[in-house]
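So that we are looking at the same thing, I have put the structure below in structure tokens.
Read from first to last, the chains carry the letters A, B and C; within each, the first residue is number 1.
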């Protein structure tokens, strides 16, 4: 019943742990050039497939070992974090803004607005998401911005569905009716009375969507083999890395 | 003759130590209708739930005995207690819509209890249910048994639940605000039905309500509750003739009466509430001493 | 006689019936109000009573034009507001206020009490001196000023309903619709809220439509009563006349069905005239 108070209870330790880890990752990504011990792109075939520091044969300065081209994995992770964060934030927020806005309109206004938006969502969701994404990237071209765009275009429906249902429920509350009595117009009521009450759902979905965005981005860079040999979180799973590791074996890869 | 239900000194607390029932004692003779009346937070529903063994997990009984026809519920193993309560008591709930499963037909919902808990044969249960539906004046039992809850009106749903409650010949029925959700004319019919069935079957009823009007019409004895404490217990006729506790008097003065519009609807006096608060506080202090 | 504040003639309202909505297409319309005629005299308190499904809430919402009639006319101060569009209604909203049944759902959980009371003021061009106006509204309903910064979950049921009244009356409206405003409250709180409304209505000269299922409350508060059943008016008359000499059997049944808080051994067995549906 009392949402605000419940959320303040109990979850303190969890919140700090999660928040602290996120902050650490975020700082590492922002200050990657300062933090990373090596150049993530520097190859050194003399140092290929080094094990991480807790195993025999590890090399100082290469804490997590190297890949088959002798690139430092820790540095690649740190630099890859940048892309992960950019994709997570940009794609999730873009999907959120589009989906929530349409969902709010459909849920609050109902009628034709709802019918049109809901049908579009139905059609949209009928496409298999990964195929849709590959298609989109094929059309839009590769690169970070097209990946972000593809994710937003695919995933806005998730927001739209949930926020529409929430807004519908809120619209039936008496305080929405009262705002009409108070003389507010439709848009005013939607922004003033309905929107603040769907924000908790928006935030919850947004945090989930960020995780999804990172995974989809990894899938896309794996599937679209043209991913440039730059740095990304999904580096370990890039086709080249996998194929090499299957041939030669290595610490991080299954044999 | 031993009491049908005997609650002695029952106290219950929430997880944070706050008392929700304060040394409640009441004894119900067989065939007696006892009203539990009070405002929200008075603990009247809590007592009914304690008797039926369905208290929410946040509420813990810390003291007191409950005897159902002489059997000490506290001394029984959980399984034996469930069986005993299941066989001898029944509930008429407040909201007849949420008390019925919306996706099942009325018929099986009514016979379930008879077949599963009392081990009756399906035929016997079916005959019994039809007999009870007739007693609650449902004319076309065949149709009603085949319907889903949402196809019936509120009054019809409550009739079905009353029939189900009496079907197993319980010794005690807990009626938890059974007419609060109904219109007045329907409320009157339902009260009449409950009264008639109660007399015919000789069932004791613990009638939970907030409405002194309903109390006056259906019960033989009343316990007036405030903050989980019985502040007054009396024969119904005596209570309405001469209420002793100031809170009872204040409640009566606050209850609207169309026959006397300006003497009724009086807000409860601050001094009455202050007196109640002091009474509760001193009772709690006396209780805490031996309990640490 | 002075012109009535509300004058309603042949009022019909039809709403989509969702229970009969086909899988595809529109829900058919069901007529909720079937042609009502009545006046609400200026400064009067009128009780609208009826059982569930009688259309009393629909009638209330039509008076404040949250719903649009399908036929007939509603005149407010002589002006036809039957089919006024939302934008044209907005200047009138100030005079047509409403107090809701469930104060929990009528107060936005994410706004402070002060902001809830201030919203209609700001929207209706009374944004100057907002703080003082909110303070005055709180004081009027007997709430301490410290409540201004609180949220709805920090208030008891009675206090929430006081906020509901403060919000409706902050604009000094001409008409207030009170829809079952005490049905969720305990008797002691109910008495406080009703006496407060009674006092404020008299002080401010409000015209009130008081919707309730409880005839006892209506007798205390209202000068005239409209008894409704299944979308039609069964009987409308002055309160005392209605209780002393009800003309219709249905009204008699309604009154007789009220359980009075007094011993009456024959009441339970006294059958009604049998007109009430089950």
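Definition applied: a contact is a pair of C-beta atoms (placed from the backbone, for glycine too) under 8 Å apart; a residue touches a chain by one contact, two chains touch by 3 or more.
Predicted model only: the values in this text are computed from it and were never measured.
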Chain contact topology (line, ring, star, complete or other): line
A-C compared against B-C, more contacting pairs: B-C
Mean-CA-position distance for chain B and chain A (Å): 54
Separation of chain A from chain C, taking each centre as the mean of its C-alpha atoms, in whole Å: 50
Mean-CA-position distance for chain C and chain B (Å): 32
Shared-contact residues (touching 2 or more other chains) in chain A: none
Residue numbers on chain B that touch chain C, as the complex places them: 39-40, 153-156, 159, 183-189, 191-192, 195, 210-218, 236-237, 240-241, 250-252, 254-259, 261-262, 264-268
Parts of chain A lying in touch with chain C, wherever the complex brings them together: 1-5, 173-175, 177-186, 188, 192-193, 196-197
Chain C residues within the chain B interface of the complex: 51-52, 157, 186-188, 190-192, 194-195, 213-220, 243, 253-264, 267-269, 272, 276-278
Partner chain A, residues of chain C touching it in the complex: 64, 66, 86-87, 90-91, 93-94, 96-98, 100-102, 105-111, 116, 119-120, 123-124, 151, 153, 167-168
